[in-house]
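Next up: some structures, all given as structure tokens.
In what follows, subunit A forms one complex with subunit B and a second complex with subunit C.
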Partner chain A sequence: MVQPMLLVHWKQARLLLIPFIVAGFGLPLLAVQGFGGVGDDRAVSMEAYRFLTSYQVWLPYFPMLAGAVGGVLALTSWNWDHQLGHVYALSLPVARWEYAMLKMGAGAALVLVPVAALWVGAHVASASVALPEGIRAYPNQLAFRFFAATMISYALFFAMAAGTIRTTVWIVSTVMALVIGGNLLVVVLEPYVPALDDVNVVQTVLGWLLRAGGPFAVFTGNWALIDV
Partner chain B sequence: MNNAIELTDVCWSADKGFELRDLTLRVPTGSIYGFLGPNGSGKTTTIRIFMGMIEADRGDVRVLDRPVPADMTSILARVGYVPERPHIYPALTVGEQIRYHSSFFRLWDRGWAEELRKRLDLDPGQKIARLSKGETGKLLLLLALAQRPALLVLDEPTEGLDPVVRRDVLAAALDYVSDTGATVFISSHLMHELERICDWVGVMDHGQVVAELPMQLFKNGIKRLRVADAPDAPKGIPFTVLSRLHENGAGSGETWIVRGWEPSMRHYFDSVGATLRDVIDLDLEESFVELLRSSRPPTSGSR
Partner chain C sequence: MSSRCAAVLLCAVAILVAPSSHVYGQQSEATLLRRIDSLRVELEDATDDIVSVMNRRTTERADERRAATTTFEIGPLRVMAPIEQADLAAEIFESVWREDFHAITGSPSLDRSIFTFEWWRTQPAEVYLVAMTDEPGRVVRRIEISRTWVLTRDALRAHVRDAIWTALRDDFPIGTQMRSWVADTRYVGDEDAYRSLATIGNGASRSCLTGDIQGCSITLRLSSAGPAQLADWFTPPQRQNMVRRATQPWTARVDRLDPAAVSCLDRDDIGACDTVLARIDWVEGVPTATEVLVSALWHAVGVGGEGAWERAIQDPGASPHEVLERASGLSTDSLVTDWRSVLLERRPAVHAGLGKSALVALFWILILAGFAMRSTRWRLA
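After this line comes the complex of A and B, so read on.
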């Protein structure tokens, strides 16, 4: 059952996935564009500094790409079933949880395709530049972080997409309302309540989600391919 | 096991006000059961309930002697289903869809699936999105049959198909049934089709089963009688009067639509001083219409 399920998911997702595969391969290469060789000690340290600051510009694109890949794979995994009212899935002799797990597994396997593209791209990028002394490349770590972030995004969107559109809209609008409402409240109350930032619930929750140890910390961690 | 499908006092209601009320249905094992009813009468909802797709609010549902929805996985392994609307993935090819479907069924007969594919003239490389309505119908039937089901559930399987394809589809289903003795539950608007192939019939209207009986009884038991001088409130009638209509023109002639009629019942009219002028056979479609008319509130012109 796994192989046919994988084929079905691949057929649904492949056209959308191809740009992400290209991006996964190309992003590390773009990030190291323009880095040349090094000269004396002073030049080495300057080059290393320029190297790292230049690379910083590209950092946000890695987690964004991971989030997008996970989202696309999750949404495409349920797309046909939603369109067909789940009638086909429900007529198959397989428990609902098992069917959902098969779908999830197929999508998780497909996550490996853009991850592999990024891994290859990161290795090619690392090999294509002469790194200044004190600077090292971490293509495997970058690929693993990309994999972890993509899986988290995939799992989150998969769970949301598995429900009805009504449920998804309800969840998204509730989260949006909380974020917007919370921020508006802060703006309105700030003149009257001193140190309001300390009790800002939205900021506190976001901080908890994104800080080290939080469920989405992988998105905000160190995405450096090149580092000291 | 006497019944392949058993629904007892099933109730179900939707948000929009439609409901099934105390639905009881018995589909004898080995029968070809025709399920009739106007649009919106609840046929597809009934099918979805015993297929485990929606859960009844109340009542008992059993398919192939197993409870629904508790044993749904093992039930569905023995049920071939052709839904009202195509439900398969449009981007797959015919061959890919067959392989995908077969991976879920342990009893899948690969050789027979291939034989059916050739017989139904389906190209394995053809994309499902590009299949005609007839080809899609054939593919759905192939998928349902090649899993060797004990129960075949066909929800409007020939709707919109041309007569040639319709004949191919029904012939394939009937060949399977004659070889295996499987039960067929077929919901259709095409009365003449059902009249030809079914041995049991169930009629549904407004969320209720209004009749369920052998086809022969259904066809022969409902008659149109032309009666003269009938009393206003006759007593001791040995058959069921579904409706009484005054005939146009002069005289005291009436048309009675009756159920459970037998020739020996002619004497009844003599006993009440009436005259039976004629007994007219109804075909399935006329019987169906009269049955529905009688189960609904009376309209002007009827008593």
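After this line comes the complex of A and C, so read on.
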């Protein structure tokens, strides 16, 4: 059962995955570009500080790529079900939870493709530069973080795509309203509810989502390929 | 000041600026002068009214501010904060002092400083204005920060740490060797120092990382070294930069018109650079990071224990080498060896917590998978 799911999903997603595979492989290489080659004396002499500061510029692209890969894989996994009105799914002799789990597993397997590309790219990038003493490369950790972030993104979009459009709109609208209008509401209510004086809704919501324990904490961690 | 004053002001302005038009053209010059003189008195009265009202309002506002402000002490720190934030300020200052500065005693700069604290959300209470009027003679060090920019208490603690360190830095008078040694750094933790040491990027600092104590001493600019190590540890561009720095007017260690310096800087003759550096104590110009130097000072104070800071600042003219020995009570070599081993132990764990993040991510993935399995779309289909 898993194999046909995987095959169908692969057919749906393969063309869209190609740019992500290229990006996953290329991004670490771009991040270390201009840092000299192995055995190059200039690499030893250059200021190691440049490694870290130049790399910072590329940091946001890694979580963005993870988010995009997860989103695309999740949406393509449900695409043909939605187009065919779930007839195929309903005709199968499996419970709906089992079907969703198989489908999710197939997508998770496909996540490994761009993750592997990034892992290889990170290793190639690390090997292509002569790191000064005290500076290290973390290709495995970066690839693992990328995998975790991609899976979170994938699971989120998968869950939303599995529901109705109305449910999705409700969830997204509620979060957006909370982020955009939350503080306005506090300002309006503050004169009547003194306890709200110290409340910052946006900060609280973002903190809950992005800090340790939140669903997106993995996105805000350290994405360093090269560090001390 | 009222509508009367405003009316008088308007009239005065109108009369003074109006051309000798048909309205006043028929009046004699003497009449006009009389009118102007009488209005001038009214104008002066009105101006006085305005000033007194403004003064009164300023005083009232200052009284309001003063009434809403409280002052307390944490160790040698004098802190002023809005009453409703006094607990927060006390908590933050107390924790920062206990964790990072408890060994500091006898700092004249701290004694003459007052720290104004506010973590404001909509509008600042401008506590520093109260401090400026009520604590004359004290240096006001403001930590009045908007919550828009500083979101967490940890970030707030970092600002408090910086403010206390900035005050302590002033114990080394400007123009002294130690003051230029600590320069204008922010507070330096061990992890920052390690990162700085690893990113200096010259042979001396790399040797230090691999265990060569002389490399550490050179990086800290604490010991002299012969010209032989120049070529080993510093690349030609770095040596050329060392000469360039030595010819700057504020160091004035080498005459820019010296033939060897000219040859080094203008003709990229590295042999000439080495000749220049061999003539001076080149260790003073070694490229390093101020964070690393400050970290060594902190280490010396930490090792020295009680009274270390007082000993460090007792002679403003002392060299860094003397200050570190005096503060720590150790020889430079012992201190540097100890400092290096502590620094290496504190190497930042770059991907610390990744495993925990992965577990948290797994938890959320399972929850989201659960939602996907319970979706309503199938039921609708």
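Throughout what follows, the second predicted complex is superposed on the first by the 201 of 228 C-alpha atoms of A that agree within 3 Å, B and C clash if a C-alpha of one lies under 4 Å from a C-alpha of the other, contacts with A are read in each partner's own complex, and residues count from 1 in each chain.
In the analysis below, contacts are C-beta pairs under 8 Å (C-beta built on N, C-alpha and C of every residue); 3 or more make two chains touch, one makes a residue touch a chain.
Here the structure is a predicted model, which means the values were calculated and not measured.
Looking at the shared chain after the overlay, A:F144 reaches subunit C, while subunit B stays out of its contact range. Once chain A of one complex is fitted onto chain A of the other, the partner contacts of A:G182 are absent, as it touches neither subunit B nor subunit C. By the touch criterion defined above, A:L90 reaches both subunit B and subunit C.
Of the two partner chains placed by superposition, only subunit B is touched by A:W80; subunit C is not. More residues of subunit A are in touch with C than with the other of subunit B and subunit C. In the superposition on chain A, contact of A:M1 is made with subunit B only, not with subunit C. Once the two complexes are laid over each other on the shared chain, residue contacts for A:G26 go to neither subunit B nor subunit C.
Common to the subunit B and subunit C interfaces on subunit A are residues 85-86, 90.
For subunit A in complex with subunit C, the residues that touch the partner chain are 41, 44-52, 85-86, 89-90, 96-97, 100-101, 104, 132-136, 138, 141, 144-145, 148-149, 151-152, 155-156, 158-159, 162-164, 167, 198, 200, 203, 207, 212-215, 217-218, 221-222, 224, 227-228.
On subunit C, the positions that touch subunit A within their shared complex are 121, 147, 151-152, 194-195, 197-201, 205-206, 209-210, 235, 237-238, 347-348, 350-351, 353-354, 356-358, 360-361, 364-365, 368-369, 371-378, 380-381.
Those residues of subunit B that touch subunit A in the complex are listed here as 51-53, 73-77, 79, 81, 83, 85, 87-92, 96, 99-100, 103-105. By the touch criterion stated above, subunit A contacts subunit B in their complex at residues 1, 3-5, 7-8, 11-12, 80, 84-88, 90-95.
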